[in-house]
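What follows is a structure written as structure tokens; I'll ask about it next.
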Amino acid sequence: MNRDDSKIVAFCCEHSAYQAANKAGRMRLHYPDNVRIIRVPCAGRVDVQHILKAFEKGAAGVLVMGCQEGACQHLTGNTRARERVKYTDSLLKEVGIDGSRVRMVNLGPDMGQQFVAEVKEMAEKIEGEMRR
Amino acid sequence: MIIAERKPLEEIKNMLSGYKEILVVGCRTCVTICWAGGEKEVGILSSQLKLASSREGNELSILEATVERQCEKEMVIEELRDKVQEVEAILSMGCGVGVQTIAEIFEEKPVFPALNTTFIGMPEAEGVWVEKCGACGDCMLYWTGGICPVVRCAKGLLNGPCGGTRRGGKCEVDPEKDCAWVLIYRRLEKQGRLDLMERYYEPKNYRAVKRPGRIEAATA
Amino acid sequence: MQVKIGVFLCDCGESLKNIDFSRIREDLQRLEDIAFVDISHNLCLEEGEKAMTSRILVENINRVVIGACSPDLCEHIFTRLLEGLRLNPHLLSLANIREQCSWAHEGDVTGKALELIRMAISKARLLQPIEREVVPVSKQVLVVGGGFCGMRSALELSRLGIRTTIVESELTLGGKMEQFEGSYGIETSPQAILNLMSNTIEEDENIEVLTSAEITSVEGQAGNFPVKIRRGGEQVSQSFGAIIFATGHTTKTLPRDFEPELGRNAISQRKLVEMLQAPEELERRPGTIGFVLDVSDENSRLPILSTLNNALAVKERLGSEVYVFCKSLKVDSEGMEKLYREAREQGVVFLKFEEKPQISKEDGRLKVEARDLLLGEEVALLCDFLVAEEKVLPCEGTEALGSMLNMRTDSQGFYQDENVHLYPVASERKGMFFVGGCKGDLDFARTSMDISSATVSIYELLSSGKVIVEVEKVKVEPDKCQACLTCIRICPHSAIQLVRVDTEKEVAKIYDLACDGCGICAAICPAKAIRFEGYADEQILAEIEAIGESL
Amino acid sequence: MNNSVLVIGGGIAGIASALELANCKHDVYLIEREAAIGGHAASYCCKATDVCTKCSVCLVPQKLKEVKTHSKISTLTNSVVSKVSGKAGNFQVEVWQKPQYILPQRCIACGMCFDICPTQPKAIYPPSPEAVPYSYVIDESQCLRLKDEECNLCEGICPTDAINFERKPERQELSVGTIIVATGFDVFDAREIGPLGYGRFPNVVTGLDLEKTFSYEGSLKLPSNGKEPHNIAFIQCVGSRSESHCYCSQVCCKYAMRFARLIKHQNPDCQATIFYIDLQTAGKGFAEFYEECKEAIRFIRGVPVEISETSLGELEVRFENILQGKVGRESFDLVVLSVGMAPRRDSWDLARILGINLSDDGFFDTKEPSNPIETNVDGVFLAGACQVPKDIPDSIAHGTSAAERAMEALERCK
């Protein structure tokens, strides 16, 4: 992954976040195009290693997007994902990447607007850092 | 089983400064079970090292390997024999025994520990391990109802409990922890062996096992 | 076996103007393991499918990559098509280049579309086929609890041809049926319903009843639960396809909030019903009867249902004054609003309070003082009898049985976690169902809906006696597994157990029928021993790798 | 003997029945009057703050997808049942389908017709984003071609020739074993209560309007000037627990509290007040949420009767202030009427066609009060809010149990 166009990798749970992304598309809500969505069966499937590998391959930010807290079809998937993201954030701080470049996001399947807002927020955060 | 904990990244980076090709070696037994040095942790540490080195400009090339048991010579040799040739230094994620076994076999390459071997213990909850045995070489569990005061009493008293035990049977030194001797008392009480509490025990011979320990079993 | 990938791109009737498909085709054809790149206008319609089928028949490819619209619109079409061509439907990888690429961004997005397709291709290269297998399931169902729900479930299952075994801890069936005895407005008395049901159960050879029995252990997975049942000394072991928990709830009178000793004056709903059944035995007719509600628990329906019923019964049979003290009357069940209006028409007085009423004894009667909101002033009332409030609580054994089955209870201690995906009757474990009172305080209509929902879910699972299952979609590699039990402890569906495999080493095993395909275990395994085909680590990492390699 | 089942109504209850029956190897005909299935529940928004508030809206999209991809369910949208004859085990049903100017099976939602349509606002437009089938819709009042003017631009441009204005209403004859009625409810029209001012004041909205706003915009702005609301009132039991609607609609207290918490979560300095008769907080998992609401929301007992507009454009609510025992007046910048569920206006003729009776509230009646599913006609069952108002989880439970009864009836008729 080359360095110049900073990419955002978004692991999207197929029950909620992936549907929210589809809804954003169908409502023609435009968001930055440096996002790459990877479909996962549950946010709980995303491992610390996947996130670190994404950064290793040059990603500038990673979003782990799962169902709302308490509405996960697999009961603990999104809670575990949140803990793993917190652990990965501490690992990244050790390495020197701080500014919470990895974020856990909870979405309902109809939250097209919020999906776009989260992506824009991460893109602006990265834009801010790139310029400094 | 042996419980270990990973060293902070800063310390590991300082150890590796000056070396370009590193072999990170995990171990599949104790340190996998306590989430410290298994194949997954090898992947995580390698990613961290690659990320840190690429940010600082000195590109590290990292090889990853995982041995079934690092404390078994044959397994170490079989797994690492040809990988060791391609690297300058070895970073072992095994317990202290693993690090030394690899160092003995591949004497020409420096071997660095990535973990701190902490204690012999067991899982208390998911992701939480507690110390139970200090390997003192002279087990006295028979008269303390199966609770070891040498390790689980903060002061290692043999004729406890000390005067400072807190309300609710908590330890004076660390209010979170239970006082080992209160636990011992309650268990002996349940078994009706409270007479053992009255006996006076002489100070313990901590040189029962001459360091470094060595055991020779009768060869079958 | 050499990987040969067929790529199909759909430009959605040439409407995706901001993607240059020919440039994408040119770039992809340079990759050596790509057999062909076809551009179609409507892959989701018959013409597109026909073209795809003929193309696949001609070229012997073993992976299919499709760049089209969102998978929930077209994935099922392509899987059916591949099955028709006897290609394994799991060798399919989709890139969403419409909703998440063409429609989501301004300007030319050919670069992003190409990247999404290359991500799908790099994943497709590592996809492995998943075979299907038929797993026999036992058509026998265990019903725990012989109350109304247990009996009704057994009867409905038997009507659909499924054998059941009822395990009841008491000596006889019936459970809490009699508490509705003498309820106003129910035509046939619960006792009559109870007798009718137990007689039909006796005659029905599909149903076996084990009274004063209890479960000691439950192992196995959906379709095959070996259960040990202890009945008077000896232990019976039997295997069941599914289990229904109909253990019901208990109601407990909680005087602790207003401390009348439950002597002569403060009575429970039960006692009031007994008085109503034999009004002539009372020494003298009570002048006023008070009901107190919403003191310790503001959120349950059943106390209010029985209060309204009994208040109307008192009016009808004893004719005494009736006062109901409550904070918020829960009328959100079928017909409750009408019952509430009828009670007011019959002269039952409802007093609404904000702070808890004060109860004290005064010359042999109970005095209730509360600040009534509608009148706006203090009200003091002397009642001959005060019906204490009853709180609906889970049975005692709930906690123990819950932990034995590794099942979480909800915030009030009832069965079934509060997750909406489990509603109405499912539990975290496939093949286990919760029905009726053991889940919370359900009124009559909701309980009967629960029973039928559980029956039909079990019929769906067991009726054909076999289930088609994807073999080892999520698999533990025995030689890597250190049996550290992490996956067994964290699996939300309890689908993993420790088994002795041919390497005589104990390793974890994932049961395909019970596994719900979430992948939490694959992510947490410290030894990287669990592989989730379709979302395996190397497949996800390959997708990440392909980001940024475009043009 | 025919073991297929007719499900009238593609709302969440109808879908739940259809799925359960299809999974048990029965053929299902799903008849939906609108252009897309999902009913009211498909258009609701997720009301989670930072924790799920158990509104069950996210169950709907999954079930919609399952119905779409299920080979044993044939869905007929834009269709109405016109005649039913025969008895349990063998019903002959006549179904009329509105003229399909856009064939859902052929429309790939590419949007070319939308771009080329000359009318303003467009006569041909995409359905709501989660609609199933996801096919474009024609607004007959706007379309020039349907007003017999010369225009077939969309017909020409459509790449899959899904559009054809010559298509006529179609009649289909189905023979089924049992029938499940799942026609759902109408949202109570708040205009019927004049003094509350719905329709007169822009800032008086209903629960349904909030659902649409959050579903599309994701946050709440004042309809009158687009600014953030600072003081919101919810009025409960609008169209429920009254003389003409003598039932509790079960859902309004819960969605009002969920919206109040959601709005306060999005901007904490906004005040929320709920005027209620009795707060319905029973049900699984609601007790904890109610505790949270007690601090966040102000509850006033007593339902207001009149809303008027003050000079500076705020809404003044006249209500009976019980604590001080006199008439209270308070002004808010937004008032939400928690509208309940009313029986469908057309339930009369469906009752006539099927021969089932209506209860005195106007919903379909059941054989006896303790059995919420079987109607007086053997082989015809009820599912969802067409029998009694229900929330989403109860409608699903009712749908699956209606499926069970239907299968039992089929088994009996064998």
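Each chain gets a letter, A, B, C and D, in the order it is written, and its residues are counted from 1.
The rule we apply is simple: a residue touches a chain if its C-beta (ideal position, glycine included) is under 8 Å from a C-beta of that chain, and two chains touch if they have at least 3 such contacts.
In this text, all values refer to a predicted model and were calculated from it rather than measured experimentally.
Student: What chain lies closest to the overall centre, CA atoms only?
Tutor: Smallest offset from the overall C-alpha mean is found for C.
Student: I'd like the Å distance between the centres of chain A and chain C, where a centre is the mean of that chain's Cα atoms.
Tutor: 29
Student: If you average the Cα atoms of chain A and of chain D to get two centres, how far apart are those centres in Å?
Tutor: The answer is 33 Å.
Student: Averaged over CA atoms, how far is the centre of chain C from the centre of chain D? Could you give it in whole Å?
Tutor: 24
Student: Using CA atom averages as chain centres, what separation in Å is found between chain A and chain B?
Tutor: Taking the mean C-alpha position of each chain, the two centres sit 36 Å apart.
Student: Of all residues in chain A, which are in touch with two or more distinct other chains?
Tutor: Correct list: 19, 22, 26, 47, 49, 53, 70-71.
Student: Got the chain D residues that touch at least 2 other chains?
Tutor: 52, 54, 58, 134, in rising order.
Student: Using the touch rule from the top of the page, what residues of chain C touch 2 or more other chains?
Tutor: 72, 418, 420-421, 490, in rising order.
Student: Determine which chains touch and list them pairwise.
Tutor: Pairwise, the chains that meet the contact rule are A-B, A-C, A-D, B-C, C-D.
Student: Considering the complex alone, what residue numbers of chain B touch chain C?
Tutor: 28-29, 32-33, 35, 38-41, 43, 126
Student: Name, in rising order, each residue of chain D that touches chain A in their complex.
Tutor: 44-46, 48, 50-52, 54, 57-58, 61-62, 126, 129-130, 134, 215-219
Student: So in the complex, the part of chain D that touches chain C is made up of which residues?
Tutor: 20, 23-25, 52, 54-56, 58-59, 65, 68-69, 71, 105-106, 108, 110-112, 134, 158-160, 241, 246-248, 250, 253, 276, 278-288, 290, 301, 322-323, 325, 368-373, 388, 393-394, 396-398, 400-405, 407-408, 411
Student: Using the touch rule from the top, collect the residues of chain A that touch chain B in their complex.
Tutor: It comes out as residues 47-49, 52-53, 55-56, 91-92, 94-97.
Student: Of all residues in chain C, which touch chain D in the complex?
Tutor: Going through chain C, the ones touching chain D are 12-15, 41-42, 44-45, 69, 72-73, 76, 80, 156, 159-161, 185-187, 298-301, 328-338, 341, 352, 373-374, 376, 410-412, 414, 416, 418, 420-421, 423-425, 439-441, 444-446, 448-453, 455-457, 459-460, 463-464.
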